[in-house]
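Chain IDs A, B and C follow the sequence of writing; residue 1 opens each chain.
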Amino acid sequence: MKPLVAGTALTLLTAAWSPAMAQSADDPLVQARRAARDHSFTGQVEVLWRDAAGDHVATVDVRSANGSLVVSGTNTVMDARDRARFLRRREGGWDLLWSATSSSAANPPSSSKYRTVETGAATVAARPARVLEVREGTVLRQRLALDTLTNLVLRREHLGARGEVQRVVSFTALKIPDEPSVPAPPTASEDRAGRAITAVAPPFSAPPTLREGYERVGLYEEGGIVQALYNDGLYDLSVFQQRGRLNRGDVPASGQPVSLGGRRAWAYNWPGGHVLLWHAAGTVYAMVSDAPMEHLLLAADSLPAAGRSLSLGERLRRICRSLVTL
Amino acid sequence: MTGPPSSGMDGHLGDRLSGLLDGELGGAQADEARRHLAVCPSCARELQAVGEARSWLRHLPPVDPPAGFRERLLAADPTLAERPRGAAVVPLKGRRAAVATVAGLAAAAAAVLGLFPAPDPPAEPEVTRLVEAHATAGQGTDPLSRLVPVGVPVSFGR
Amino acid sequence: MTGSGVPTWEEVARNHGRFLYSVAYRLTGNDDDAQDLVQEVLLRVRRGLGTYQPGNLEGWLSRIATNAFLDEVRRRRRRVVEVLPDEPERVIPPAPGADVTAEAEALPEDVHRALQRLTPDYRAAVVLCDVVGLSYEEISATLKIPIGTVRSRIHRGRALLREALT
């Protein structure tokens, strides 16, 4: 079986044989991931997302050749084939977000948590596609349209707990050119690349697993901020940690207050998913994921600093203690 | 299900029910309320509902402050400036809001705050930056739908 | 006690810190804000704000706490430009296999959570009445609202809370 990760990463991972590497090659999600790497294409992608303010739509141009992917919207993102990730903001110049030294373990198999079933056919961007539904238990999480010819993901719909569409990333035009032009990787004007690390020192923590079946697949550090990257077979979830405190007046204003085991946290939407922000014991946590919000809330419960809901016994002990010290 | 509380303007007792429960109605008013309750099932239901809420609230247990809170409070007493101790002073939860309030205090109090070890500095996570770092790290289930949102304008309303 | 009759910081922190924290926690809903609020109360006590009548010290502290809380609510309301969506807070579901009987015993937590869904004005009235135990007259003086308004806020607050826990 051909490994799915680049050679650089693989050499770092020879000891960490992951079940993902042995997962079935005909898993449609694996096929889709490989197709995005193997096929050259140009096209337009529409992003639709929904938040408290209503529906939003944005269109971006995409171009891919020999594994290098360029997304041109407000920001230009370049995913060069050696897994260096560049970002150009409107002001110009490139940031190197992730360098080739970044490594990550393979994702856990999606089949341990999700069931993928082909349910029909569709036409997306004038191309025939097969429709797959990805379910977690009985809950429909995603509906995918895979290009019949190439297995490229032509449309990905994220659904909420009540089956409502929350986010759609969909090709509106797609061309597979005969002679792909390979995008030239830019030169980073500002190197802020995160570097892969193997462990974190207290008070940070990066448990190997989080609730809801998230396994740690990467650990990075950049400018005092630690990022632990998790995957559950379908979604990615990052936990960022930095020292400091969160002044409630300074959290970005569009947040919705949520309760995290009795601790105040703020939830945000972005076009690709959710953000959960909180602080505890001198550390500020930011969880970013394309997963449903309930996954974030539950996964946060695995982090030692997130206040756990107390057991009945602990509650009683506390009440007794408070009576004694009255 | 109790429905919304009645306004009391419609012949029902409305907030006089809470007055009755709290012993805040005068004798004549209380008698009148009790007579009404005897013949009005709607008010009787509302009284029961509100009475339950009142009872739950009154049985809320006291809440323990976190360990060491009282000690930190004591240590932060500004009058300590007038009787300084050699021992290290434990800081109050040093947050900007508190510091801002303290700024208005007498110089003596401000001076003692200066003795406190530096609290954790405030962190204002660049959420947009973290979102970008997330979207571009790792391999993703599908690099395209993962990277595309990074090309879209994102603002969290700082 | 100092000559002015106003209790000292030390006295309040030592003897009433826990009570004050409890009230602050019910008002603000969470530990962080409660700690802030207690600190703010102590600072106000230190500055001799409020007129302390020897007698009900904890009632007096509660009044300072409530006013400090409402001041902070107003201050924040001014600062937050975008009004948060009026959705119920998401609450983390219990871990799988959580003891079912624990839910019934967890009633105070539910009551606390429901209390936080009341608007700050209603919550302040309800906390002063049912958690602190002040009379309508004392609440009226604290919040500077007529007694009739006190009664209607308490009643409506209780009714809303009861409904939230149905």
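Just so we're on the same page, a contact is a pair of C-beta atoms (placed from the backbone, for glycine too) under 8 Å apart; a residue touches a chain by one contact, two chains touch by 3 or more.
This one's a predicted model, so the numbers in the text were calculated from it and none came from an experiment.
A.B. asks: Of all the chains, which has the CA centre nearest the overall CA centre?
C.D. replies: Looking at where each chain's C-alpha mean falls, the closest to the middle is B.
A.B. asks: Going by C-alpha centroids, which chain is farthest from chain A? Tell me that one.
C.D. replies: C
A.B. asks: Using the average of all C-alpha atoms in each chain as its centre, how far is it in Å between chain B and chain C?
C.D. replies: 7
A.B. asks: With centres defined as the mean C-alpha position, give me the chain A-chain C separation in Å.
C.D. replies: 39
A.B. asks: Hey, how far is the Cα centre of chain A from the one of chain B, in Å?
C.D. replies: Once rounded, the distance between the two centres reads 33 Å.
A.B. asks: Identify all positions of chain B at which a residue touches two or more other chains, and write them in rising order.
C.D. replies: Chain B, residues with two or more chain partners: 61-64, 95, 97, 157.
A.B. asks: Can you list the chain C residues in contact with two or more other chains?
C.D. replies: Residue numbers touching two or more other chains: 18, 31-32, 81-82.
A.B. asks: So which bits of chain A are touching at least two other chains?
C.D. replies: 249, 253-255, 322
A.B. asks: In the complex of these two chains, what residues of chain B are touching chain A?
C.D. replies: Interface residues on the chain B side: 61-64, 95-97, 119-125, 127, 130-158.
A.B. asks: How about chain B: which of its residues touch chain C in the complex?
C.D. replies: 1-2, 4-5, 14-19, 22, 24, 46, 49-50, 52-54, 56-66, 69-70, 73-74, 76-79, 92-93, 95, 97-98, 101-102, 105, 109, 157
A.B. asks: In the complex formed with chain B, which residues of chain C make contact?
C.D. replies: Its residues touching chain B are 8-10, 13-14, 17-19, 21-22, 25-26, 31-32, 34-36, 38-40, 42-43, 46-47, 81-82, 107-108, 111-112, 115, 126, 129-131, 135-136, 151-152, 154-156, 158-159, 161-163, 165-166.
A.B. asks: In their shared complex, at which residues does chain A touch chain C?
C.D. replies: That would be residues 52, 211, 248-249, 253-264, 267, 293-294, 297-298, 300-301, 309, 311-312, 315, 322, 325 of chain A.
A.B. asks: Mind listing the chain C positions that touch chain A in their complex?
C.D. replies: Against chain A, chain C makes touches at 18, 29-33, 76, 79-82, 84-85, 87, 89-95, 99, 101-102, 105-106, 113.
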